[in-house]
Structure formats: C-alpha cells, structure tokens
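Each of the two complexes below includes subunit A, the first together with subunit B, the second together with subunit C.
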Partner chain A sequence: MIFSSAGIAAAAGVLSLLCCRRGGLAGVVGLAGTILSVTAGIVTLCTSPPNGVSLLFMLPTLILAPMAAIHSRAYIKGHGNPGIYWGFFNLTVATMLALPLIKEFLPFLIVWELMGIFSFVLVMFNYKADELKRPAWIYLLACEAGGLLLMLFYALSFKSGVSQELFYAIGMAGFGLKAGFPLLHIWLPEAHPAAPAPVSAIMSGAMINLGLMGILVFVFPGVDPALCGWTLLILGCIGSLGGIVFAFAQDNLKRVLAYSSIENIGIISMAVGCTFLGGAFNNNTMIVFGILGSVFHIINHALLKGTLFLGAGQVFCATGTLSIDKMGGLMKRTPVTGSCFTAAAVGLSGLPPFNGFIGELMIYLAAFSGICSGIVQLRFAGIAAALVLSLTGACAVVAFSKAIGGTFLGEPRKITECQKESPWMYVPMLCLLLLSVIAVFSAPFTAPAIIKLVKTPGLDTAVAGAEKILFYAASFSALFYILCTLILLCRRFLLVRGAENESGPTWDCGYAKPSARMEYTGSAIIQNLADLFNSFLQIRRKVDEPQGLFPSKASFEWESPDGSERFFWAPVFKFAAGVSDKVHKFQSGYLHVYVLIMTVALIAMVIWAIVS
Partner chain B sequence: MMYWLLNLVLALLLAPVLFGVINKVKAFFAGRKGPRLMQTWYDIFKLLRKGSVYSTSSTWIFKFAPVGTLAALFIAMLFLPLGFCSSPLGFQGDALLFLYMLGLGRILTVLGALDTASSFEGMGAARELQFSVVSEGTMLLLLIFLAIQSSSCELNTMLCGRGNSFWMSAAPSMLLSAVALYVVLLTECCRVPVDDPETHLELTMIHEAMILDNSGPDLAFIHYGAGLKLWIFSAILTALVVPADLLSPWSALLVMTSGCFLTAVFVGITESMMARYRFLKVPQMLMGGFCVEFAALALLLISGGVK
Partner chain C sequence: MNMAIDLVLTAFLGICLMLSASSRLVHCIRLVALQGILLGVLPLLMWNWSKACPGAEIWGAAFVNIMVKGVLLPILLIRAMRKAGVKRELEPLAGYSWSLLIVSVASALALWLSRSLTIPGVSVLAIPAAAVTVFTGLFIIVSRRKAITQSLGFLAFENGIALFGAAMHLEYGFFVELGILLDVLVLVFVMGIAVFQISREFEHIDADRLNLLTDTGEVK
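Moving on to the complex of A and B:
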C-alpha cells in the first residue's frame, strides 16, 4: 500500500517505454502516470503517514515531480524520443518515491543504483549533442563511485575489526557523492547544465536531499551525536560558502543554479549539524530550531530551486543559449518567466518576504541559541554557523542579482531573437511560487507537526517559542506586502495628479548614442568580487591586449572552472592514469606472458605461505 | 508603547533632517552658509509633486524597486528600541529579520539599477554588491556580539537589556564595536570615504549612480529611505554606546535624538576631514572594519565579560 505511488510511477515508466514508437501516446501516458502516482502518494501520506524522516524526504519529490512533468511536455518537444524520456522520467520518480520508505540497506542499495542509472539516461537524453558526453560521463562515474563505496560500506558492516572512523567515512563519502558535499560535488556543475531543465529541477530539488537522508538513516545511528554534528557543520560551512562563491563566478545560468544547490545542501547540513550538536549538549531550543530549519529549508529549496531550473529551461527554449552574458532584456519578452525567476531568486537568497527566509531564520536562531547557551563548544559552533550563513546570504544576493540582471533586465546584449513563452512551462512555475507563498503563512501551523514527525519528546516549550517566532515572521511578510501596496497606491495618486509621466531612453549622462554593448554584463557585475575572491576561485583569463596606436582587435575571455576538479581530482586521476599506463604493459595480449605472470604469482604465494 | 510610538513618529519626521545637519557641518568647515536644515524635506515635497519619467528599457522591477526598498526600511525600523523604549513589535529573532530587510532593500535597489540598462547604474550596482558582502558580515558579527552580551536574539534586549555596566566590564571590545559599526554606517548610508553623495561625477558614485534614472515620487521615496537608513544606523550606534537603562522616557528620548544628531555631526566632520577613498582601497577599509569587529568579539569571549 505504502509503495503504491512508486509502483504506479514505475508502471507508467514501463508503459511509456513500450509506447516508444508513438511519441504522442507516450507523452500522455507519462504525464498521466506521474500525476496519478503523485496523487496516490499524497493520499497514502494523508491516510497512513509513514513515520520518521521518510515523509519529509518524500515531499520534495511529490511537489516537484508533477510540475517538472508538466514543464517537460513543452520542453522535450523536438529533442529526441519522448517515449524514452517519459519512461525514464517516471522510473526515476518511482525510485525517488520508494527510497525514503525502504528501511533495509540491501534493497535500498539496489533502488539507489537504479535511481542513478535511470537519471543518467535522463541526463544523456539529448545524446546527439557533443558537449553532453563529458558531463554525462562524469555523472555516471560519480553515481557508480558512490554505489561502489556504499557496497563497500555494506560489506564492511559484517566484518568486525574494521576501524570505525574509516567505516563511517566510507558511508559518508558514498552518500555525500549524491548530496554534493564539498570535494564530492564535481558532478553537479557538470550534469545540471547538461540535463533537460525539468530533470535538473528534480535532481537538484529532490534527489540530492536523498544523499543527506541516506547519511541520517544508515550512517549516523550509532555514531556519537557530537561527532555527527561537527562533521555536518564543518562540511556544511565549507560547502555553502565555497558553493556560492563559485556560483557567482559562472556564466552558464544552470551552472550558477547547480553551484547554488551545493550551497543549499551545505546550509541544510549546517542546520542538521546544529540539531545534532544541540542534542549532544541537551540544548532543546537548538534542537527544535535546527530541525525546523533543516525541514523548512529542504522544502523551500525544492520549491524555489525547482522554479529557478524550470525558468532556466524556459530561457533556454526561448533563446537557445544559457550564457548569461549573451542574454538580457528577457523580462520584456518573457514577462511571466522573468517575474517568477526574480521572485524565486530573491527568495532563495534567504530574503523576506519569501519562504527562503523562514528556513534561514530558523537556522540562525539555532546558531544564536548556541551562542547564548554559555557552553563553549556550542558558542563556537553557533558563531561559525551564523557567520557563514550571513556571508553565504550576501554572496547569494550577488549571484542571483547577476543571474537576474544579466538574463532578464536591461537591453538584449547578443541574443536579440527570442521565442514566446509557453503556458506549459510557466504554469508549473506559478504553482511552485504559490506553494512557496503558502509555505510562509502556513509555517506557524506546520512547525508542531514537523517536530511531532521527528518524534523527539520534551520539546514543547521550545516548539511554542518557535511557533510564535514563525507567526511574527509570517505577519511581517504580510506587512511588507501591505506596505508595498499602500506606497504603490500613494504613488499612483501622486502621479495622476502630476500627470506628466513620460517614457524616454535611459539617461546615459549626456552620451549621445548609448547601445546595449555599453551595458554592464553579468560578468562585469561580479568582477569586483571575483577579484576579491580570486585566490580561491583561480579564474582563468585570456587577454589579447590592444596593441599600437590604432589597435585593430582585442579580446578578453574568462572562465571559472571548478576548483576541486582542477586542483584535486584532475591530479588524482592523472596519477591514476599514469599508474594504469605502467600496469598496462603487462596486458600485452600474449598468452605466454599471462601464464608466466600467473606462475610467478603462484610461486610468490607459496613462498609467502611457507615463510609466514 | 506610547513612548515608542512617539519616538517612531519623531524618527519618521526627523530622519531627513540628518542630511541637513551633515551639510551644515560640512558648510561650517568650508566657511559657507550651506543649505537649510530642512532642505531634504523641501526636496522630497518638490519631487512628490512632479511626474516621473520611466526609461523604455525598464520593466516593472524598476518601478517597484523604490517602493519595496522604502517598505523594507520602514519594517526594519519597527524592531528598533527607538528612544530606548522596547518596541512592541519585537520578537526573538527580529535582529535577523532586521538584517534581512536591509538586504531586501539592497537587492531591490540593485535590480532596479540593472533594469535601466545604463552602464553607470551597472557600475554602481556592482560596487554596492561588492561592499555589501563585507558590511553584512560585520553587521552579523555585531549582532553576535550583542547577543553574547545580552543572551538574547531580540533587538530590544540586545540593545537595551545589557545592564549599565558593559563599559566597565568590556570597555575595549565596546570601543572596537563602535568603530566597526561606524564603518558599516558610512558604507550602508553611502557617505565619504566610501561613497560621495554630493558629487555628480557618475563614475565615482555608488548609491547615486544606482538611482540616476529615478525621478519624481520614486526619487522622493529613495531620498526619504536614505534618511530612514541613516536614522536606523545612528540609533543603533547610540543605543550601542549609551547605557540608558535607568533614564526616564523623556530623557531617553532626548538622549536618543541628540545621539542621532551627534552621529550626523560626526559624519559631517569625517566628510570635511577626508576625501573619498579610491575604489580599490574601500574594500580594505571594510575588511578592516570586519576584523575590528572580530577582534571585539574575540576580546569579549576571552576577557570573560560575558554573562
């Protein structure tokens, strides 16, 4: 019963695959299947809620899957075989719905592997494009490496005498590869831009959370809570700050969003870390705010990042590019998408009056209750968390100002042709935004339910405090809307009386012919900050300076490739390749050499056995 | 509650006058007579009566930005213990809502600037974004500092519930915090040496560059909002340094108001004494402010001036 939604999705996936030859039919079956399975999922949750954290990790999938499915209908038109897309889309959704409900590790591992492979097909969907090969390959490698580590984790759980630290580290790394922890995040900035936008939305909003869920359900039970807390807190601090600094240095819109996902998973880990630390030091307020912060932020991230990725998909369909520096002025031609994107981006920067703020407020309060607690360790953790959160928030404002400003505002820079937006694409975005507004105002009422789900007794006073704060936060969000309306009305009144409104070109300080080429591009907006952080970002610049009195040509290019890939993984893989090359000599293809190797090995083993 | 309302009304009325004070001080140093104290109010009323010109490049964001910024600043003001009276709207965690309302105002101004497609406004937006990262970090460290001193996360208690002896117990870190907050004030309110609101050389401006294209009532909202922001930061600075727990409401009102005006005088003196920094030097000054606040926090934690 409890698996009914996953079952329906899986059946719909298989059916769509069977309808491969008839694209239209596959589309109908696929979309209907997703919506049916999500309905079944919601009904199951309402009638017989599964206990514990699993429900919380199902919610993002349940919210995002139907929206992404509706968006896909328009997105995949003319992009390959719809049967294959819908088949694997539904199969991925099925695995994602099933995972939170599985309590045994072995079936979990099997479904986990299936999820990786199904989603790999989705990432590869537009397989004819050349630039897709590398990202898809990296994604497959990351999935398989994670799977292997988890298999090792499973195998080691039966063997005694293994060092505990190593055992848990292997589990953390296996799940961390999916969650996008720092250093393990390399697949996100590659796979997200390559995958179709609705798939990126699901992967970023829902799938990476599952990595965190795996850690919470399978790795952490049995570990000292203080150790868990510190690990997650430190990983979260590095991930969120590093992620967002790389986010604002990117030119590809979906890469910005991918790095922002690394940031947000970092923020969620920080919140969970605060919860564990609160538990370790018996600080009830910290536990409550930590739980609420992580849950709200998971939901908010799903809603807002979903909107942003769907918006990026719309932009890609309208302009055919994702390069922020080439776009501009899209707000006038795709107004609904632009407005949704702007609202969601402001929300995801953690600013009120949107729901991103509610989550961040809770995490801040967890940190501040640590600061005020008087216990040295908690105070230190709280200061670190709050400081990182505020710097992350400020950098997120930069990253999203750049994304909005470069893509939607101003005048078109290079891409002047733009197609109309399609309701199939913007209606899901509007729905997600509506849900996020509801999330703000329902937060005071959902808070006690969330705490009850996690089932930690003895937190009643702290919960009551949190409810009150959420109520205040929601009322001030409402007050912001009211005040804005009042001031707008006031301005309308004043302008009607003044009655000399006109429109004209932008004042460009007396310059006679302002053109779009003079506009600040996305890269120009963040150039100051990128310089400030350059020792961390290591931006690659290619300058062709103007020469002579009458320079004929000059050019400037810059890109900010992933730091961990350049300075950690590339050397590691280079070393591995070097070793493999040397070993490769043995693999000569001559049978007698192989026999010789085997004989030598056999003799060596015999000698070893005799000696020991 | 009544006293707080009275203080709020007073703040709303007097906020633009702070600019008059600054200009008077600057005029005094320059040996001029200077514009009248109420000049900003006159400007605002004049602008309110005018029409607006909207650029053909801009969209609803440009029209919404001044409105949203003003609303955000007004809401931020509601949490402050103006005149050392507890705000009736305060709650645990309002310090963060306060910080983020300022952030909301900032992103709206930046987006409004980018919406005009003007290269100058882009320039201003880029600089504002760069400086905001550091000044927001400093502001948060200050909040942590206050939270440790007061064991609370509510601005009322953080600013006015620290007892009267915090200068005795933690004088060095209080001094450092005041310096850091003054640096943040100069940045956030766009004063010399970070930004020069007087020049109309577009290349050297930050805030003024971002609002080049606003006119009429929109510009009036922006000017008024700038006044509110200056009042907000001066009020925090006053409440940070003055232990006023035992004052009667009326004398507290007097202390707060004169504190704000005194801050304006200080800003005027600073502006008269020094020139604006080169843009490359401003981040260094901001980083300096951040480090000073960090040192204040570290001193407070080490010296044990903690409840």
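Moving on to the complex of A and C:
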C-alpha cells in the first residue's frame, strides 16, 4: 500500500513511453500520472505515515515532482520526444518515491541504480546538442561509480575481517557521490546546467538528499555517533564554503545554482552532524535544534532551489542562453519570474522573512547551544559550524545578487530578443513560494511532530524551547509580511494617487547616453570577491587590455572551472588513461595474439597449481 | 580392456603430432574426425562389460558424438573448404617442423607434469593426452592463418576438453558434453558461412588480416 504512489508513477512512466509516437497524449498521461501519484503519496502519508526519516525524504519529491511536471509541459516543447521525457520523468519520480520506503539494502540498491539510469536519460534528453555529451557522460560515470561502491559496500557487509573504517568510508563515498559531498560533487556543476530545468530542480531539490538519507539509514547505524557527527560536520563545512565560493565565480546561471546545491547539502550535513554530536555528548538542545535545522533546511532547499531552477528554466526558454553576462534587463520582460527568482534567492541566502531563515536559525542555535554547553569538543564544533554558516550566508548573498543583478536588472546586454513568460512555467514557481511562506508559519506547529518522527525520547523541554523560538521567528516574519503589504498598499493607493506614470531606462548614473556595454556585468560585480578568493578559485583569465589614448579593441574572458576536477580528478583520470593506453597494446586486433595470451596464462596457471 | 584404452589415448597423442605437422586441409579434417570417433568410442571401452550392458544414455552419447564430431562437422568443414577454394595451409605463422617440435615438447612437458596428478582408476595417459589435445588445438588457433584451420583448432581443443570429461568419469559429463557439442556445432556453422562470405568479399580467408575490420579501420 505504501508503494502505491511509486507504482502509479512507474505505470504512468511506462504508459508515456508506450505512447511516445504521440507526443500530445504522452504529455497528458505523464502530467496526469505525476499528479495522481503525488496525490496518492500524500494520501498514504496522511492515512498511514511510514515511520522514521523516510517520510522526511519523501516530502521534497512529493512537493517538487508535480511543480516540475507542470513546468516541463511548457519547457520541453520543441526539445525532443515528449513521450521519452515523460516516461523517464515519471520513472525517476517513481524510484525517488520508492527509495525512502525500502528498508532492505539489496532492493534499495536496485532501485537506486534504476534512479541513476532513468535520470541519466533525462539529463541527456536533449541528446542532439554536442555540448551535452560530456556532462551526460560525467553524470553516468558518477552514478555508476556510486553504484559500484555501494555494491562493494553490500558485498563487504557479508565478509568478516574487513576494517570497519574502510567499510564505512566506502559506504560514505557511494552515497556521497549522489549527495555531492566535497570532491565527489564533480557531476553537479556539469549535469545540472545540461539537464532540462525541471529535471535539475528535482535532482537538486530532492535527489541529492537521498544520498544523505542512504548514509543515515544504511551506513551510520552501528557507528560511533561522535565519529558520524565529526565526519558530517567537517564534510559539511568544506562543502558549503567551497560550494558557495565556486558558485559566485560562475557565469552559467544553472552552474551557480548547482554549486549552491553543493553548499546547501553542506549546510544540511552540518546540521545533521550537530545532531549526532549533540547525541554523542547528551546535549538535548543541540539534538533538537540540529534535527529541526536539518529537516527545515531540506524542505526549504527543495522549495527554494526548485523555484530557482524553474526560474532559470524560464530564463533559458525566454533568452536561449544561460550566460549571466549576456543577459540583463529581464526583470522588465519576465517580471513574475524575476520576482520569484529574487524572492527564492533571498530565502535561500538565509535572509528573513522566508523559510530559509528559519532553517538556518535553527542550525545557528544548534551551534550556539554547542558553544554554550561547556564541553570542549562541542564548543569547537559549534564555533566551526557558526563561523562557516555565517560566511556561507554572506557569500550566498553575493552569489545570488550577482546572478540576479546580471540576469534581471539593468538593460539587456547581448540578448535583446526575449520570449514572453508562460503561465505553465511561473505558476509552479508561485506555488512553491507560497508553500515556502506557509512553511514559515507552520514551523512552530510541525516542530514537535518532526522530533517525534525521529523518535528520540526525553527531549520535551528542549522541544518546548524550540517551539517558542520558532513562534517568535514566525511572528517576526508575519510582521514583516504585514509591513510589506502596507508599504505596497501605500505605494499603490497613496503615493501614486494623481501622479502620472512614466517609464524610462534604468537609472544611468548621470551619463548622457549610456549603452548596455557600459553596464556592470555579473563578472564585474563579484570581481573584488573573486580576487580575494583567487588562491582558492584559480580563475583562468584572458585579458586583452586597451592600449593607447584611443584604444580600438579590448577583451576580457574568464572562466572558473571546478577545482576538484582540475587539481584532483583530471590528474587521476590522466594517470588512469596512461595506464590504459599501455594495456591497450595487448589489444592488437589479431585473434592469434589473443588466443596466445590466454594459452600462456592458462599454462602458467596449470604449472603454478601443480608446482606449488 | 586397459590396453585398449591406452591405445586410444596414445592415438590421441599421435593425432596431435600429425595435426601439427600436416598442411593439407583435408588431411587435418580427417584427423579431427578420427579424434571425434575415438572420443565417441572411449566411453564404451571404459565400460565394465563384465557387470552389465551399458544403458541407452551411454549408447546415445557415443552415437551423437560419433555422428556430430566424426561425420557431420567434417562434412561441413570439407564443404566450406571446397566453397572457399582452399586446399592447403600455405603460410602458417609457425612452420611445420617448428610446430612439430613445439607440440612434442608440450607432450613431454604434459607427461612430466601429470606424474603428480595420477588419479586411481584412470589411465596414466589420460591427463597428458587431454592436455596435449587442448594445447594442440590452441596452438593451431594461434599459429595458422586460415579461418578453416582455426576452427579445426577449436574443434581439437574441444575434443581435448571432452577427453578430460570422458577419461575422468565425470558426473553429468553427458549433459555438459551435449552443451559443448551444441556450441561447437553453431561455431562451425557460423564459420562455414563466414568463410564463404569472406572469401567471396576479400578473395582470401586469412584470419590474420581480419583486424582491418575494426571500427577504427586502422591498418596495424
């Protein structure tokens, strides 16, 4: 019964694949299937909620899947065969809905692999584009590498005498590849920009969380909680800071969002790490705030990152590019998208009054309760978490102000033609934002239920305190909303009364005839900060400076490729390729040589067996 | 009865030596056919006749073996040979005297190594004969150019494996044997068709030049 939603989604997927000859029908079947399966999922959750953390990891999928599906309807028009898209979209959703409910590792592994393969098809849905081959290949490799590690993990679980550290490290790496832990995040900045926007939204908002879920459900039971806590905390600190620093150096809008996903999964791991540390040192407040922080942030990230990716999809459909430096001035032409994107970015940067603030507030409080606890280890952990979180928040504001400034504000730079925005695309974004506002106000009421789900007894006093704080935060947000509404009403009815409306170009700083070429680009906005972090980012610049009094030409290019790819994976793969090339000499193409090699090996083995 | 078994096993060794040194394809095919017939007869020779008559299973295995390996496959190979218009393996990668030497050395080595592998109730010659047949098959695949000779090598190789099974009284040997037999049959069919097609397209059937057909098409 609990698998009904996944079953419906899978059936809808197969049906859509069956009618891939008739795109319109496939679209209807696919969209209806997604919505039906999500409805079934919500009904199941309400009537017979599954126990434990699985519910928490189903929620992002349940929220994002229908919104992404509605968005897809407009997005994939003219992008390939809708039957295939809807088929694999629904199949991916089915696997993602089923995974949190599976308690046995072997079936989990099978569904996990299926999820990787189905989503791979979605990533390379637009397979005719050449620039898509590399990202899709990287994504497939990452999925399969993760799957192989998990198979090894499963196999080792039957073998005694394996070192425990190695065993857990393999499990962590297998799931971490999906979650996008630092160094293993390699596929995120490649696959997200390449995938269709609704797919990126689902993958970023819901799928990477499943990696974390895998770690919590299958790797961590049986490990010392302090070790778990430290691992997650350190990984989270590195991931969140590294992710956001790389985020603001990117020019591709969806790459910015992908790096921001790495950051957010880092924040979530930090929160979970705090929870484990609190558990290890019996600090109830830290446990409660840690749990609330991680759960709220998972939900917030799903809602807000979903909105942002859908917004990026809308921008891509409107302009045909994702390069921030080429766009500009989109706020005037796609006002709803621009506003939603801005609101979601504000929320995801952890600024009040959106729900991102509530989540990060909880994590800060977890960190502070660690600092106040008087235990040296917790104090250290709390300081690290609070410091990293504040730095991350500040960098997130920079990254998003760059993305928004470059994309939506000012005048159009290179892309002057722009399609109108479609309600299919912005209605889901509005819904997600509405949900995130609801999430703010429901937080005080859901908090005890969330703690109960995780089933840790003896936390009542701490929960009561958390409730109170959440209540204050919600009231503060409510006040903010009321103020905003009042200001908007004033503007609408008092200030403008009798005045004439006139619209002109964006304020031009007093220049007589400014052109769009004189605008600050996205790269210009963050130049200072990029210089500051350059020892970490290692940006590749190509500057052709203007010469003389009347310079005729000047150019500036930069790119910021992924650090782990450049300095870790590329050398590793180069070495592997060198070794493979040497081995490749054996593959001469002569049957005789192959048989000869086999014969020699066979004889050597026989002699070895007899002699020894 | 032991004498007869040893005789058959010695014949296997002899056939291997002849196979490695003869260039006429018809002769090679006949030798492999003889191997097949001997292989079919071997279980009957090994049967303890004084106790009871062998069952239908043994008779059937012997019959199928003799029919397929001794009659059907040789006929197929000879037909393929005629269609492709080849009679001799003219340019082997290892010359005939060298081949003879290598197989003789291998036989000596096999006899020497099998001293430590004697199994009670099984003739001392069984393991070396089987090993040498397997080796000769592989050696022919490695050292000859024509596709037909190579499939002959494969047949000899398979005969060697079957000899292992038969000489050791392996349980379920019959079914395993039938399975392998099916494989060989398919292989020879495919080969027969392929040889014909290749000789029609390329005017030769030298397998060492087939690497021109890789997907890169590079000449190595």
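The criterion applied here is as follows: the second predicted complex is superposed on the first by the 554 of 612 C-alpha atoms of A that agree within 3 Å, B and C clash if a C-alpha of one lies under 4 Å from a C-alpha of the other, contacts with A are read in each partner's own complex, and residues count from 1 in each chain.
Convention: a contact is a pair of C-beta atoms (placed from the backbone, for glycine too) under 8 Å apart; a residue touches a chain by one contact, two chains touch by 3 or more.
None of the values given here were measured: they were computed from a predicted structure.
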Contacts of A:I525 with subunit B and subunit C, given as first, second, both or neither: first
Touching partner for A:A129 - first (subunit B), second (subunit C), both, neither: neither
More subunit A residues in contact - subunit B or subunit C: B
Contacts of A:Y590 with subunit B and subunit C, given as first, second, both or neither: second
Subunit B versus subunit C as contact partner of A:L434, first or second or both or neither: neither
Subunit B versus subunit C as contact partner of A:A386, first or second or both or neither: first
Which of subunit B and subunit C A:R491 touches, first, second, both or neither: first
Touched partner set for A:M331, first subunit B, second subunit C, both or neither: first
Of subunit B, residues touching subunit A in the complex: 48-61, 64, 67-68, 70-72, 74-75, 91-94, 96-97, 99-101, 103-104, 106-107, 110-111, 114-123, 125-127, 129-130, 132-133, 136-137, 139-141, 143-144, 147-148, 151-153, 202, 212-213, 216-218, 221, 283, 297, 301, 306-307
In the complex, subunit A residues that touch subunit C: 588-593, 595-596, 598-599, 602-603, 606-607, 610
Interface residues, subunit A side, partner subunit B - complex: 328-329, 331-332, 335, 338-339, 342, 346, 349-353, 357, 360-361, 364-365, 368-369, 371-372, 374, 379, 382-383, 386-387, 390-391, 393-395, 397-398, 400-401, 404-405, 409-411, 465, 468-469, 472-473, 476, 479-480, 483-484, 487-488, 490-491, 494-495, 497-509, 514, 516, 518-520, 524-529, 532
Sites on subunit C touched by subunit A in the complex: 93, 113, 116-117, 131, 135, 138-139, 141-143, 150, 207-208, 210-211, 214, 220
